[in-house]
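Both of the next two complexes hold subunit A, though its partner changes from subunit B to subunit C.
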Partner chain A sequence: MTQSLIETLDTKTSTLTLSLDSSLYPRDVLYAAAYVFLDRAYVLLDRVETRFVVHIRGKQLLDEPTLRAMTGEFENELLAQALRLRVIKANQRIIESVTTLAIAGAAGGMHEGDAAGGLHDGDDEYDDSTDFLDDPLGISKPWQPKKEEA
Partner chain B sequence: MATIKLRDAWFDYADVMIDVQFGYACNVQCDYCSITDEMRLEKMSTATVLAQLKEARDRGAVKVSFGGGEPTIRRGLLPLVRWCRDRGYRSIKVASNGMMYSYRSYAEQAVDAGVNDFHVSLMAHTPELYEKIMRKADAFELVTEGVRNVIALGHTPIADLIIKSDTWMHLADIVEHWAGQGIETFNLWLVSLSDRNKDNPASLLRVSEMRDGICAAFERGKAVGVTVLSRHIPRCMLLGYEDHVADLRDDKVLVVTPRTSFALWESRISPNTYSDKCTGCRHQHGVCLGVRLDYLERYGDDELRPQYPIEEAVAVSASTGL
Partner chain C sequence: MSRADTVTVKLHRALYTRQAIEEAAAVFEGFATFNVDRDGDHYIVDVTDINRDVEGDVVAEFCNFSLANTASQQAGRR
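Now for the complex of A and B:
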């Protein structure tokens, strides 16, 4: 039998208190799920021993079915955000590389032969290079702090 | 329409400017710069910038700004600008020291990529003062050429001027000089004693000491037909010139840095602190954001002239005999 998330529900104040097993949900997932509700409710996150406690107060008067539906939405959002986080972590580098290349390809090159349109993913050497234009006066050369003498 | 919370208020993304400080590397070393050597090494990867801008655009953002550091020395700048333009960002600002625009070809590339809001930090009105502040020979000539190029390409830059110990007395002349070059809007910023510049307290004088120079800039601006606005000094320090005091919240700027994101007026180099003296002022929590914390720490609140409601002011006056 699944334990209900709902700790309290009060239609007079349109408030809802949910309790979550903190070992099941990373804190980032909780934040992300809560963020989705900010336009409809005031949300306070708390922690009691091993459980997260989520206080939700509707910005407008909410009846019981609506508050219960909100609970269901919150549960689903937790799962969606947990999965999203897992996918992002597993594929971070691939997502960044593919997205950047796709975007860069559509953006158009800065100069001939630059297939990625000048957009490169996290390539420090590329970003720091200043050979992307004619700079006979050396204006683009970054200022470097003087190294301390040993 | 998606909304975003900046400090204590919600805004539509369409009204918010996403201000990307994507790195602090710079091609000059201004003598008042607050960027530390460690911060100069910080930067956001192009992928990270793209991800942030894509998410903001998906939520409806149409205004973006690139700053730093000096953004024009970053190779990825113009491709990013082009990407923003092609994805629907309508207002694309670049805040620069203006030197790279001295290359006509670079200025043309910037305009072609989609930059349509040029902000240039202008230090002074003479080559000597420019070089003293920026520590770069020919900086004045380069910036002058840069401003000319941008204007010739159909864009009038907005000037950012720093009020500090060696510029305040020249502000009116600086405004007049650059107005003569075609600049129409000047923002005055008070030098900050944060981070690297905290060890340079001499750069920041009391506003009351510099007030004559600041107000002269306002007057000179009026005389030559340009707009001069102060963006860091509370209005009660500039009584009589309140019309020249801008509210930092007007631009609804969300600053995105390599470390974090925050509303511009939450920044530690923005005025956002009330002193006890402000309690009861009719502008507190209204048009006035308060004073910069570093200023309060250095000089206290002696110069503040809170605007109490008239009846309270009369009562205070009667009780104190003043």
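Now for the complex of A and C:
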């Protein structure tokens, strides 16, 4: 955990500056980690040669332990987002397949073999000859009680 | 980001897109005037006519918006 360093920390202005090795953290990871902090801090990103420089200023007045804790949180967030990105990339095709199946299913049912692609409108299964009042199996019961019971 | 009448912000071109910056400027146009220019590796944003009656730091919020817009754009491209 020595590649991410606090360059400056100032409790008077609630600011801290972090310097990160850009070869360790892709830019997307940096964005995702910074995004998490936007509700409680002002975040400004910069780049100096091969390092990302992250300027963070708390929206509230923050003491030194809080600023140091925020640094740790930021580093943890970087790692979490890096792992998340790696998992997404590793499972990209699976995620796309599952999403496609889910959307296709919600759009009107699936037939065997539909996983290969293609939606159907379902018209071939619709029997137009029956009415909703028909009771071919004789299972319907009246709503009102029988006269004998009354 | 002081209380001066004019504030200049440097945003690295590798980390912020011009579109994101201009969208953020449009959001905050009621609170200040923004002029975006390019200088080497950075976009130079001159912020003038800052409304001091507004609660909060207009320039810092503008920077947050620029970052959030850029992050959203980049996520959408993935």
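Note that in this section the second predicted complex is superposed on the first by the 96 of 150 C-alpha atoms of A that agree within 3 Å, B and C clash if a C-alpha of one lies under 4 Å from a C-alpha of the other, contacts with A are read in each partner's own complex, and residues count from 1 in each chain.
Keep this in mind: a residue touches a chain if its C-beta (ideal position, glycine included) is under 8 Å from a C-beta of that chain, and two chains touch if they have at least 3 such contacts.
Treat the numbers as computed from the prediction; the structure is a model and nothing was measured.
Trainee: Touching A:Lys141 in the superposition: subunit B (first), subunit C (second), both, neither?
Mentor: Touch status of A:Lys141: first partner only.
Trainee: Applying the document's definition of touch, where does A:Leu38 land relative to subunit B and subunit C: first, second, both, or neither?
Mentor: both
Trainee: Contacts for A:Glu49 in the overlay, against subunit B (first) and subunit C (second): which applies, first, second, both or neither?
Mentor: Once the two structures are laid over each other on A, A:Glu49 reaches no partner at all.
Trainee: Determine, under the contact definition given at the top, whether A:Arg27 touches first (subunit B), second (subunit C), both, or neither.
Mentor: After superposition on chain A, A:Arg27 lies in contact with subunit C alone.
Trainee: Comparing subunit B against subunit C, which has contacts with more of the residues in subunit A?
Mentor: Of the two chains, more subunit A residues are contacted by B.
Trainee: A:Arg57 contacts which: subunit B (first), subunit C (second), both, neither?
Mentor: second
Trainee: With the touch criterion stated at the top, can you tell me which subunit A residues are shared between the subunit B interface and the subunit C interface?
Mentor: 38
Trainee: Inside the complex, what are the residues of subunit A that reach subunit B?
Mentor: 38-39, 96-97, 99-100, 103-104, 106-108, 110, 117-124, 126-130, 132-135, 137, 139-143, 145
Trainee: Can you list the subunit B residues touching subunit A in their complex?
Mentor: Its residues touching subunit A are 3, 5, 23, 25-29, 37, 40, 43, 45-48, 50-51, 54, 72-76, 78-80, 82-83, 86, 99-100, 102-103, 105-106, 109, 142.
Trainee: Which of the residues in subunit A end up touching subunit C in this complex?
Mentor: The contact residues of subunit A facing subunit C are 27-28, 30-32, 34-35, 38, 42-47, 52, 57.
Trainee: Inside the complex, what are the residues of subunit C that reach subunit A?
Mentor: Counting only subunit C, the residues touching subunit A are 1, 9-12, 14-16, 41, 57, 60-61, 63-64, 67-68, 70-71, 74-75, 78.
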